[in-house]
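Here chain A shows up in two complexes: once beside chain B, once beside chain C.
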Partner chain A sequence: MAAKRRSRGESLTLRYAVLGAWALFCVAPVLWFLSIGLRPRVEIITPQPIYWPTFSLDAWHMIWEDWPMAKYLRNSVAAIFGSVLIDLVLAIPAAYSLSRYTYRGRDDIGFYILSTRMMAPAIVAVPIFFLFKNLGLLDTIWALMLIYAAINLSFVTWIIRSYMLDIPRELEDAARTDGASDLRILWEIVIPAVLPGIITAAVIAMIFAINEFLFTLLIASTPDAYTMSVALANFTGGSDGVIYNAIALVAFLAFTPVFLVVVAIQRHLSRGLTMGAVKG
Partner chain B sequence: MIRASLSGAGATSVAPGLSAGRQFKRRNKRLKAWFPYLLVAPAVIYLLLITLYPGIYAATQSFYAIKFGPWRPVGFQNYINLWNDYQFWGALRNTFIIGSISLALQCAIALALAFFAYRDPWVQGWRIVFLIPMLFMPSAVAFIYKLFFLDARVISDILIRLGLIDSILAIQSSTWLSRGLLILADVWQWTPFLFIIFVAALQSQDQEVEEAARLDGASWPAIFFNISLPLMKPVIIVALILRAIDITTMFANVFIVTKGGPAFGTETISYFIYRTGFKFFNFGYASAASVVMLILTILVAQLVVKRAFVPARG
Partner chain C sequence: MARIELSGIQKRWGDNFGVRNVDIDIADEEFIVFLGPSGCGKTTTMRMIAGLEDPSDGEIRMNGELMNDIDARDRDVAMVFQGYALYPNMSVFENIRFPLRMRGIPRARHGELVREAAELVELTDFLDRKPAALSGGQRQRAALARAIVRQPQAFLMDEPLSNLDAKLRQAMRVQIKRIQRELKITTVYVTHDQIEAMTLADRIAIMQSGEIQQIGTPDEIYNAPANTFVAGFIGSPPMNLVDGVLEGGVFRSPGIEVAGLPEQRGGQVALGIRPEDCSIDGDSEQAQGDSAPHLTGAVYGVEPTGDLTYVTLRVSGKLFEVKAHRNYRAALDSEASVRFDLERVHFFESKSGSRLQIG
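This part shows the complex of A and B:
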C-alpha cells in the first residue's frame, strides 16, 4: 500500500540515500563506542587512533571487580522503580480528575502540573540540595526517588490523562447506573482500559530517571547513592584519567534494557513523548 | 491529531440525575463536589512542595550573602551584581546561541527525515535505528563525543586522512568549534525525538487531500510545503517547545565535554548556576540567578506554552 502512494517525481534513490546516511550517522559512533568497551585500555588514547583493536574483556572484569557496579545498578533500579511507583500512585487519580470532571480551576491545575516540566533542574538545584540536606536525605536513594518522581510527575499525569479522554463514557455510565462508586469505576474499568497509556508513561518516566544527571550529581556524593548515570562521571577521577572502556560498557549496560522496552512500546512512543498532544 | 485542549472531548461533567445519582443524600453531594479536588490534590501538593518550596527558599536566599559563614543580608546586591556580571549575560547568550542553532538544525533534519520515511514500507525499522542515540544516557553521549573529538581525536584523524585538513583540530581553544561540538552532540542525540513525533503526525494526516492534490498534478515538494506542513504546524510547535525546554537546561554535555570553556564560550545558564553555587559556594548569588531564570520560565510558560497546549477553549 505504501509503495503505491509514491508521488510523481519522488525518487527512491534520494529517499534511501538520505535515510541511509542518517542511519549511518546514528549507528557509527555507537558501534565505535562499543569497540572501545571491548578493547584494552592502552589502545584507546593513542597518537594515532586504532581502528582494528585487539578484543579484550578487561573493562568488563574491571567494572564488576574494581568498582561496586552491582551496587550502582541496584541503586539505579531501586530509585527508578520507586519513583515510577510514586508517579503512578499520584498521577492516576490526578489524571482521572482532570479528564473526567468539570470543576473550577481545573484547567489551571492541569496547566500548573504541566508547567513544572518547564523548570530547569539548575533553577531548583540549590534549594533542593538544602531541602534534602535539612531532611537528612542527602546521599540516599530516597532523595533520588523523590526527585525523579517530581521531575516525571507532569509527564506521567498528562500522558495518562490523554488516554483517559479516549475511553468512551458509556462504559463508565453503565457501571454508574449499576451503582458502582467513582473509585470502583476508576479501579475496575478506567485503569484496565488505559493500561497501554500507563505503561507508556511508566517507560518514559523510566528513561528520564535513568538519564537524570544534575540532581543525582548533587545529591549522591558517595557510592551509597551513585546511579549508573553519575557513576560514569566517577570513572574520570583519580590518577588513572578517564577510563573510557569501562564507561562504554556501563553505557551499554544501561542502554540495552531501555532499548528493548522502547522497541516493545514504540507504537505509543510519539504520543507519550508529547504528553498526549500527538496521537501516533 | 492535536488534542491538547483541556476542555476537550470527554471532559464534560459527571452528568447528574442518573438513576443512581438520585439516591445520594446531600452530604454525599457535597463530598461529590470535593471529590475531583481530592483526586488531584496529592499530585499538586507533591509538586508544590518540590517547586514552591525551592522557589521561596531561593527567593529568600537571593537577598543574602552566603559563603561558608552565616547568612548576611545584602538587599538587592546579588541582583545588581548579576545585572553587571558579563559572565551571566554570556551564559544567557550562549544558551540562546547553542539552543537556537541546535533546535533549528534538529527541526529541519527531522522534518526531512520524516518526509522521506513516513510512507516507506520499512518505517518501523528506520524509527528503531534512528532512536538509538536517544536511548543512551546523556552523560554517556557526552563521553562518546569527548573521546571522539577531543581525547582520541578520531574525527581529526579521519579528516586528515581524507585530506580535508592538515593538522589536528584545536577544538578546545576555539569557541565556535566547542559550541559546534555541543550542538552536534545534541543534534545527534535528540533529532529522533522530533522525527518520531513528525512521522506520527504525517501518518495520521488524511491521505485523501494529498491524493487529490497529486491528481491535480501537484509535485511532491509542493504537496509537502503547501498541504502537509501547514497541517502539522500545531504538532511542530508542541514538539519544538518540549525540545526547547530540554535544550535550555543542557548540562551533562557542558559539564563533561567543555566545562564551559574556552573562556566561558560554552557556559550555559545551567552550568553558570552550578558553578556559582556548587563550585564557588556562592549560594546567595546562585539563587539570585535561579530566581531570574524562574521568572523568565514562568513568563515563557504563560505566554507561549499555555497557548500551544491549551488551544481552542470552549
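This part shows the complex of A and C:
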C-alpha cells in the first residue's frame, strides 16, 4: 500500500512538472513582450544584456497620449465581434443545411464554401478595394466587419457542420415527433448541442480577425478604421525608428481581449458534446 | 385512441427494398409488436408510421385519415427511441414538458401534466436532474414519460429496452405493459427480442427481408408458425427442423422415423418439433412412451440452466435440441433416444417453407 501511495504521489509531481513546463513555454513570450513594453526604450536597444531591467511606463504613456490607441482598440473589438456575429448568423443555418438536408449539389456547395479559403488573399485585394469603394464603405469599421466575416465564414461553417454531424439523429427525430418545427429544432435542440463547436469556431474566427492585416490596411486609411494590427505597423517606421517597447505593449493589448474571451468561455470549450443525450 | 392501417406500404432505396408490401390493420388500443432480425424493415415501417420516413408506395391511415403527406410533427404520435434521445441541455422536467410546449398546451397545465407523467414512471424525485445525471433505467423512464405526457394517438417504441441490462429490462417490460393498458393508447413496438414480443403483444407481426411473414397473437405464432422462418425465430432454443420424406403416414429422415401420422399428404417436407415437445429416455420426470423412439443420436452437449437442462444430440451430422428435466445428465457421446409429442409436430413444405396442414 505504502509503495503504491508513494508512486501515485510521484506521478502527481511529475504531472505538475510537465504541465508547469508547458504552461511556462506558452506564457513566456507573453511575459517577455510585456517586460519589453514596460522598459525604457534605450534599455531595449542596448547591446549589453540587462538582467534587472528598469521599470518604465514611457511606452504606456506614449501609446495612449501620442496615439489614438483607445480608438484603435475600440475599432478592433467592434470589427471582430461584429464579424463573428455575422459569421454565426450565416454559418449556423448553412452548417445545419449542409449536415442535415439532402439536395442536389449539397456537397459541391460545401466544397465551394471551403474553397474560398484556398486562394491567396492578395489575389482578391484589388477587386475588394474597388468593391468597397463603390459601396462607399472605405475607411469604415463596417467594411472591416464584412471583410473579416467573409474571410472566416468558410471555416466557421465547416467547424460547426462537423459538430452537427455528430449529433445523434434520434434527438432531432424525437423533437420532430414531439411537434417541433425545423427552426425550433435548430434553436432548442441543435444549437445547444453544438454550443462547444460554435464557441470554438467563434474563438478561432476572433483570433484570425484580430491578426488580419492586409485587408485592414487596404480599407483603413485614417484612424477611424485603424485596428490594433495596423497600429502595430505604425511603430515600425517613420522618423522615430522602430519603437520596440510600444510595439510590445500594443501587441499585449491586442492579445488581451481574445485572451479574456477564451478564459471566460473555456468551460464550454472542453465540455462534452452531447452529454447524456443517448447511451454512450 | 387510434386505428392505424398500412396498405401496400413499400420503401425502396434505388433498387433495394427496405420494406415490401406491408399490409396491416392495427386496432384501436391494440399493442402490436414488429419482431424480426436486424435489417428486416421493422424500424423503417415504424418510422413511416411516425412520418420520419416517406413510403415509396402505399397508404398510411390513422382513424381513416390519409397520413402520407402529413408531417411528423402534425401526426400526434409519440416515439420512444432505442437511445432514449433525451435533450441533453434540458432537465428531466423540461424534457417531459417539451412536447407540451411544442403542441401549444396552455402553460398553466404544464406542471401538473409533467408531474402526472413522472408519477406514472416513478421519476418524480429526479425532475431537476439533467439526463447525464441519470442511470440507464431512469433515462428510459424519462423518455417514456415524455411520450406519455401529452396522451398521443399512438405510441411508437423502437427497441426501447435493448440498452438495459436483463433484470431492468424485465422490470421495465412489465411497467410498459401496465402503462399501455392503463392509458389504452394504441402502441406499435419494435424489437428483435422474442421474449419481449411474446410477453407484451396483443399481436405480433414477424418480419424478414422487408416482408411480413406472419401476423397473429403470440399463441398463434407459437403454436402454428406460418413458415420455417417463423418456426425457427420464435422459441428458445428454436424449433428443430428436419428435412425428410413423408409417405403413407410415416416421416423418414436419416436417424429419424416417425410413424402414426395422417396419411393424406406426402412428399418432401420439413418436420418441425420444439425442444419442449420432446422427451428423452432416461429423463426420470418425463413420461416414457411404450412405442419405439422417434429419434436416436449421440449426446453432443448437456447444458443445465437451473430450472431445466438443454440436451443437444447429433443425428446424422445435424444437431437436435431437447429440453429435459433439470436433473437430467448424460455422458458426452453416449446414445440417447427421443420421443416426440405427435400432437405437436409441425410440417412445412420443403421448397417454400410454408406450413402444411396435416390431419
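We take it that the second predicted complex is superposed on the first by the 212 of 280 C-alpha atoms of A that agree within 3 Å, B and C clash if a C-alpha of one lies under 4 Å from a C-alpha of the other, contacts with A are read in each partner's own complex, and residues count from 1 in each chain.
Simple rule for what comes next: a contact is a pair of C-beta atoms (placed from the backbone, for glycine too) under 8 Å apart; a residue touches a chain by one contact, two chains touch by 3 or more.
A quick note: this is a predicted structure, and the numbers were derived from the prediction, not measured.
Novice: Looking at the overlay, does A:Ile189 come into contact with chain B only (first), chain C only (second), both, or neither?
Specialist: second
Novice: Would you check which partner chain A:Trp22 touches, where first means chain B only, second means chain C only, and both and neither mean what they say?
Specialist: After superposing on A, A:Trp22 lies in contact with chain B but is clear of chain C.
Novice: Under the stated touch criterion, which partner chain does A:Ala91 make contact with: chain B (first), chain C (second), both, or neither?
Specialist: A:Ala91 contacts chain B only, not chain C.
Novice: For A:Asp173, select first, second, both or neither according to whether it touches chain B, chain C, the two together, or no partner.
Specialist: both
Novice: Of chain B and chain C, which one touches more of chain A's residues?
Specialist: B
Novice: Taking the stated contact definition, name every residue in chain A that is touched by chain B in one complex and by chain C in the other, in rising order.
Specialist: After superposing on chain A, chain A residues 173, 176-179, 274-279 contact both chain B and chain C.
Novice: Quick check on the complex: what are the chain B residues that touch chain A?
Specialist: So the residues of chain B in touch with chain A come to 1-4, 6-15, 18-21, 23, 33, 35-37, 39-40, 42-44, 46-47, 50-51, 53-55, 57-58, 61, 109, 112-113, 116-117, 119-121, 123-124, 126-133, 135-140, 143-144, 146-148, 151-154, 157, 188, 192-193, 196-197, 199-201, 203-204, 207, 214, 219-220, 223, 235, 238-239, 242, 245, 248-249, 251-252, 255-256, 269-271, 273-274, 277-278, 283, 286-287, 290, 293-294, 297-298, 300-301, 305-306, 309-310, 313.
Novice: Hey, which residues of chain A end up touching chain B in the complex?
Specialist: 2-3, 5-10, 14-15, 18-19, 22-23, 25-27, 29-30, 32-33, 36, 44-46, 48-49, 89-91, 93-94, 96-103, 106-107, 109-131, 146-147, 149-150, 153-154, 157, 162, 164-167, 169, 173, 176-179, 182, 207, 210-211, 213-214, 217-218, 228-230, 232-233, 236, 242, 244, 247-248, 250-251, 254-255, 258-259, 262-263, 266, 269-271, 273-280
Novice: For a test of understanding, state which residues of chain C touch chain A in their complex under the given definition.
Specialist: For chain C paired with chain A, touching residues are 47, 50-52, 71-75, 77-79, 81-89, 98-99, 102-103, 130-134, 136, 139, 146, 156, 163.
Novice: Spell out the residues on chain A that touch chain C in their complex, using ranges where they run on.
Specialist: Per the stated touch rule, the residues are 168, 170-171, 173-181, 184, 188-189, 192-193, 195, 274-279.
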